[in-house]
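By written order: A, B, C and D. Residues from 1 in each chain.
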Amino acid sequence: MEAGARQFDPRTPEERSERETEFARIVAFTDGVFAIAITLLVLTIEVPQGSKDLLADLRHQLPDLIAYALSFAVIGRFWLLHHRFFAHLERFDSRLMTLNLTYLGLIVLVPFTSELLGDYGDDVEAPVIYAVVLAAAALVNWSMVRYAIRGRLVNPESRVAVAGSGELTGLAIPGIFLISIPLAFISPYLAEISWALLFLVRSTLARRRS
Amino acid sequence: MEAGARQFDPRTPEERSERETEFARIVAFTDGVFAIAITLLVLTIEVPQGSKDLLADLRHQLPDLIAYALSFAVIGRFWLLHHRFFAHLERFDSRLMTLNLTYLGLIVLVPFTSELLGDYGDDVEAPVIYAVVLAAAALVNWSMVRYAIRGRLVNPESRVAVAGSGELTGLAIPGIFLISIPLAFISPYLAEISWALLFLVRSTLARRRS
Amino acid sequence: MEAGARQFDPRTPEERSERETEFARIVAFTDGVFAIAITLLVLTIEVPQGSKDLLADLRHQLPDLIAYALSFAVIGRFWLLHHRFFAHLERFDSRLMTLNLTYLGLIVLVPFTSELLGDYGDDVEAPVIYAVVLAAAALVNWSMVRYAIRGRLVNPESRVAVAGSGELTGLAIPGIFLISIPLAFISPYLAEISWALLFLVRSTLARRRS
Amino acid sequence: MEAGARQFDPRTPEERSERETEFARIVAFTDGVFAIAITLLVLTIEVPQGSKDLLADLRHQLPDLIAYALSFAVIGRFWLLHHRFFAHLERFDSRLMTLNLTYLGLIVLVPFTSELLGDYGDDVEAPVIYAVVLAAAALVNWSMVRYAIRGRLVNPESRVAVAGSGELTGLAIPGIFLISIPLAFISPYLAEISWALLFLVRSTLARRRS
């Protein structure tokens, strides 16, 4: 049952080069889950049943479409960040894999929270739940990067590049979602607009570094 | 957060050979999204509930089946084109990845537009929405190829082979979908028939080159 | 648009070794579609809504569960056959890819035909549609193998191993499904039982060769 | 049809190194099915339709969310075990592939049993069905590991590491699910709590070995 227990022991983490196939499987599984979650978003846009005035009924689906676009961009962005982090990873252990699965468990909830947002975007509950799930996902991601740096799962030369994700600046993304929670109580739309900062943060950081 | 910001900077694009694993992940994610979107099409064909006359009820699902066949062929064709383009790609940067995600965001909408077409193919709205989404996808694809050629993300020797997709002939596919929009206002069926040109264009081009 | 048209020209087929990455993408896409289609089968088993007597309601889902098991075995078997055929493939061209996409378009229909079979297994239409789709898939597979042998897309030494699939014995699987169609008109159950031959054929052939 | 029959003959199993591509396909297909099954779990959490009191209605979905978290952890854990076992596999044959497909056929049922558990967790039937499916999956996994050891599909040096899964300790996981079945008749909640042992077993074993 615990066939590979020793290899996954945190104290003797796996070298990526030695176990390239296993690492590839973890990456492929992660990418698979991301790809499926992002594609399942299409099921959140409902096709009107027995509609008499299709144009009017489709107009009512507009919040669904906006929630779709937002969630596609958010999952896409989270995947890019994960992708960049894993590119620097040189070793992995069982704790990192547990953190990664927890992270995926939150990402997979997005099609649900997104449908909720599309259907009940005027209510305070929908944006709050949306923000809570993504703040949690971003925090798990942050702790995963932090753990990888401290546990020397990334190479010393990559540490500077990855550091941003594990330190204060890495808290920007969970921060945006956490701050949007009280905003939702003022106005659900205010919370939704605040999420746009997610994409501004990126360009600002990218500009500063170049 | 912006761990790999430098490597994805458009001015210093990544070499495919150097970062084969990362490139493989992008390709695998893209293929995954295509494979899921094409397979989710089956959910657009409804199984009659509590049917008394199954044969009659299934006959009513015939437009669903036609929409399925059309959309399967369209997504399959778009995947083949993407596949051929990526085979020539030697470098990638963050802008190409953003374009690619935008492109995927439109492809993933096809199961929705396809279900709409199967259920409301007699209305003008369904074929118009179908054509708008695919014209947008084809235009994003065109600009992605154009950007790759101009940004020297493809090798000089491949530039001739890829060029067709980034220049005037590359506008044939978005053109077919754009022209079908006014046709849908004359007759929804006329628009649907015009999409068959998508597959004729292919054979004509293939014949001319051989 | 037809960036790779030349390479996919049937007269100058691609060498697998030269374009290993592209071949890997085709295989990955095919496997992805198979994996998604086989997993979507779970959606054909309905969870009773607001049930008062869960045990009784679940008993009514028994045909759904049998259809699930049958379809899982059938898709699994078709995947194994495809997997073995592709292992011998040394070259590919655009016609093989079109045949492969057509084949996948029929496999992806199985979750629909399987749900139909689970819900309307007593009617003649459900097993007939099920058999027609799988007979068509098996025939496309047969013609794909035949084309690969004639077009020298498999190596001479593999030709003997693959031959069975492209010749008379290769017609056993489509034959079983075709013969079951008239049987369904005598009794739907007779057709369903006849499909079990699919798994007997296998062991007989395997025994003869060993 | 039986193109690769000889290679998959149990008496002359395939060497992993010789047929790396084929082995990679089996692994990719398995990972794909796991990734899709784990992601489809999100569809078991229902979005309330036309809710007047969203907070109250969402509270009723709490069992759905708990079932989701449990099933995500269970599928994740089964995937980790499968992943570790396959890392030691050096050869494969047709019987191992049939066992693997049977195993996957049970894993794919989890989104169904999970939805049942979320909707009918107070009834005895739901936890019993949940436990039966997972006990069966764990037993098939156990017999797969056992077969691999006896059929010398794993290397002698790996045999010690894998042995735990194929011997008495390997029966711990099916054992937990089997024992929970009679517990469900005392109280459904008792069965559900007993499944937590699944994650305790792990840490105990890991501690003992380190």
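Assume a residue touches a chain if its C-beta (ideal position, glycine included) is under 8 Å from a C-beta of that chain, and two chains touch if they have at least 3 such contacts.
Just so we're clear, the structure is a prediction, and the values are computed from it rather than from any experiment.
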Farthest-lying chain, centroid of Cα atoms versus that of chain C: A
Copy-to-copy rotation for chain A and chain B - C-alpha atoms, rounded to a multiple of 5°: 90
Whole-Å gap between the CA centroids of chain C and chain D: 25
Touching two or more other chains - residues of chain D: 28, 32, 36, 40, 43
Topology of the chain contact graph, where touching chains are joined (line, ring, star, complete, other): ring
Contacting residues of chain A [partner chain D, same complex]: 1-9, 11, 19, 21-22, 25-26, 28-29, 32-33, 36-37, 40, 43, 94, 97, 101, 104-105, 108-109, 111-112, 115-116, 119-120, 123, 125-126, 129
Interface residues, chain C side, partner chain D - complex: 24, 27-28, 31-32, 34-36, 38-43, 45, 47, 51, 54-55, 58, 68-69, 72-73, 76, 79-81, 83-88, 145, 161-162, 164-165, 169-170, 172-173, 201-202, 205-206, 209-210
